[in-house]
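Chain naming follows the written order as A, B and C, and within any one chain the residues start at number 1.
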Amino acid sequence: MKRLICKRLLQIIPMLIGMSFVSFVIIQSSPGDYFAQMKMNPEISPETIEAMKVSFGLDRPFIVQYFFWLKNICKFDFGVSFAYHMPVRTLIKFRLKNTICLAIFSLFLSWVIAVPLAVLAGYKEGTFIDKFFSTLAYISISLPSFFVALLFVYFISKTGVLPLGGTRSIFEMNASSFVIFKDYMRHLLVPGLVLCFVNIGGLFRLMRNNFIETFHTPYVLAAWARGLPTFSVVFKHALKNALNPMFTILGMEIGTLLNGAALTEIISGWPGMGSLILEAVLSHDLYLVMGSLVISGFLLIIGNLIGDILIAFFDPRIRLT
Amino acid sequence: MEKTLEIKNLSVVRTEKKQSTLILTDVGFSIYKGELFCLVGESGSGKTTLALSIMRLLPKSFRIISGEIRVNGTHVLEISEHLMRSVRGEKISIVFQDPGAYLDPLFTVGVHLREAARGKTDNQQELISLALKEVGLEPEIQSAYPHQLSGGQQQRVMIAMALINKPQLIIADEPTTALDILTTRQIINLLNEIRLKHHPGMLFITHDLKLAASIGMRIGIMYRGHIVEIFRPGKEKPNHPYANILMGTIEGKDIKWDLDTDIFEFNRQEIVGICPFFERCPEKGQVCKRNIPFLWRDGQTGIRCIKYE
Amino acid sequence: MKKFFQRLKNHSRIAYFSFWFLLLFYFVSFFADLLAPYHFDHQFRNKPYHPPTKIHFVDSDGNFHIRPFVYNFVIDDPVFRTYKEDYSLRHPLKLFVKGDERRIFFFFKTNRYLFGVDQPAGIFLFGTDTYGRDIFSRILYGGRISLSISLIGVLISFTLGMITGGIAGYFGGITDQILMRFVEILMVFPSFYLMLSLRAMFPLNLSSIQVYLLIVMILSLIGWAGLARIIRGMVLSLKEEDYVLAAKSLGLSNWRILLFHIFPNTFSYTITALTISVPGYIIGEAALSLLGLGIQEPYPSWGNILSSTIGNLRVMGDAPWLLLAGIFIFVVLINFNLLGDALRNVLDPKNW
């Protein structure tokens, strides 16, 4: 098991390098000099600009520039944002936390709802319950995330039940951390529910198909033949086997969530990585774009890794070969 | 002699896309205590359907439309599902073909065995160890996962699971078809030992007539959902034209068998009112064009053929 | 061909209709110039946020007329922008009405359109936006963009993916390794972020043709990687088939084998995958336009039309009909999904 993890971690390194290189190429291909904007900004002194130039090795050939940049990345120095006048790192740290919270929340919620419903629908395959939920799932996957976000935001704004935008309401400075936490969660609800709704359909369909397939396997028949009660057969054997491939999905879902989350964040005003990269693109804030891109790619790799580890943990066929 | 299994007039229908086909028609035979009864038939003849009918584990598209099945007196087709569940694995056990597929890949052998022996909490581990010893496996195998075992080992695990509760009837549905020849011999010997020791009735299903002839006490030959003959190998020769063709193939004779009218083609035609073997029978006649019942000679052997009554 | 349609119809009635429905959409958007009562940029400055025009059969006096008609809407309250119908004059709905002059298909000029009403009334089936432009017409024209970009993008992705996957799978070795590493790296980026970054590589203000091509290019670049990987897997297994060996022993060149023997066997999967990915491209383009990075004003795109509702909640309350563009996206998406699902079952050789 540990060997597996080490092996996967080693595989990641060339991926990370390749990814950072591609990001670098993308940014370098942007028109205009990096520093044109910065030079126009009176707040940034010429000395800072010169120092940055040296630290990024901009007077050196392309490959060298890349390595300088890579070195900086490893020190978590992503440069400075033009628009915010802050190190990119600070911005990313703050926004990343928000995106991760959003992702975990909607992931948890959609799984908790979709998986049991999928098992129910799979068990009662062909009945009204199955058809009903399958249709709902179909609608869920066909609705564009931004559309759902727009509608949801509209209704919430009309009824004023939940706060919109940002992560905090205006509070006195001495509010207890529990109150702050509750407030954060309330703000999380709108984008979280939207994301959950959009993803739940795909999850449901996958799980339902897995379950139906597992239900018709020979070993489930053998379980019935042993005289096992329905509860055992369904939950112990069928469900466990059906959940197996879902772990890889879990890893991939991190990627999907990052995507879906971005649009939802933007529309509902949740300050996360998605809105960050949009702002960066709109203001041509290149270092910020670069940093966001690299971090998001990194998150995806980590997500896949987690998925792989989970599946190795739960499937003895992979664990013990 | 005590009858372990008694089947009478069993008919099973399969409905697919609003079309119904008879899979089993008027099947009836008995198996005595301690007897090894071999059921022989080609793919598609309904052997597995028969096995699953006895266990009441038919898929949703199948339906038993008539018949009686009794296992040591228990009317299997009439008891509640709840009761049936206690019958499965206890009174009747089944060993499947291709054991690797019938073991849950996520659970160890030990879990499977404990599941089979569930309900007997007092001496569960004892029973498991005994069963493992009988099939010739080490107790350490309990911590292994199915994919780590060879085909022979997997099948022996399944057999151990089948005999843990000392069932009265053991159904073996082509247990050796997926195994190589030496392992096959091993498994056959094992099954025989079990039969001699514990005296369950054994229904051994196979498509290999030669194998059946070497181990069976009685052989039932199935063709397209009908039992066409039951005979005692070694003591009698089969008479039914289909049986003769099968025997001829074994003996290397030149047999003409038209594959275009293959049994397992998708559109099974129902033959009602004539002999099921009519299309291919080399000895058919006008007299065969009516409903041919199965005629018993002495309660244990019989034939479904007008010519060879 | 005919057999295929028959099988599709047998498998799923709904999917069969989806196919024709989508064809209808494409047809309508192709002929948007003739079908839309107004040009997409035709502004009615005196009718901003006009609600959808009501079509009447019975007039204010209670008389029934066979020919439907509309009343002119007049602003009731300029601050809250509510409208009132002016019952003084009936404007019957006319077919093949004369309207403003427009160019269609780049060459022809015409001024006759499918339906419309006389001035000063307007027929705004879906209301108007802030500039008083008819949303119905804009959606019709917008359909062109959304439907065509996705189709072209998908086709380009697929060509790229098939070629890459085919080469990597068939020739193997170093080529395979390099190509697949590259594909994997591309797949590491979340597509939305990659899309935005690629867009950032270019200036924000581009001409409409440039933007169109750019969006097509970006969408294709993002989508081809996944397909390449799968095609490579399929080619890997297909090249071991006997008929490939037979072709080789006949002396056929590798390219010929690849093109004529191996690729056709991937089509059953490819066509399904194609249909199922079109929704993603439509959403991609809509998302970009929604955020202002895609199709620019005055050209309409379904995402474009929705963009006026972002961040401006009052607009949504005042003019909810703008959301109809989203409904159109939803309808097209559902049909593509239905069709894709049915295709997957129908084209699967296991079901033949």
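The criterion applied here is as follows: contacts are C-beta pairs under 8 Å (C-beta built on N, C-alpha and C of every residue); 3 or more make two chains touch, one makes a residue touch a chain.
Since we're looking at a predicted model, the values are computed, not measured.
Of all chains, the one whose CA centroid is most distant from that of subunit B is C. This structure's chain pair with the greatest number of C-beta contacts is A-C. Taking the mean of the C-alpha atoms as each chain's centre, subunit B and subunit C sit 58 Å apart. Rounded to a whole number, the gap between the C-alpha centres of subunit A and subunit B is 53 angstrom. The centroid of the Cα atoms in subunit A and the matching centroid in subunit C are 27 Å apart.
Taken in their complex, subunit C has these residues touching subunit A: 181-182, 184-186, 188-194, 196-204, 279, 283, 286-287, 290-293, 303, 306, 309-311, 313, 316-317, 320, 323, 326, 329-330, 333-334, 337-338. Touching subunit B in their complex are the following residues of subunit A: 217-229, 232, 237, 240-241, 244, 314-317, 320. Listed in rising order, the residues of subunit B touching subunit A in the complex are 55, 57, 85-90, 93-94, 96, 98, 101-108, 115-116, 118, 145, 147-148, 158, 161. On the side of subunit A, the complex with subunit C involves touching residues 14-15, 18-19, 22-23, 26-27, 29-31, 138-139, 141-147, 150-151, 153-154, 157-158, 255, 258-259, 262-263, 266-267, 269, 273-274, 277-278, 280-282, 284, 286, 289-290, 292-293, 296-297, 300-301.
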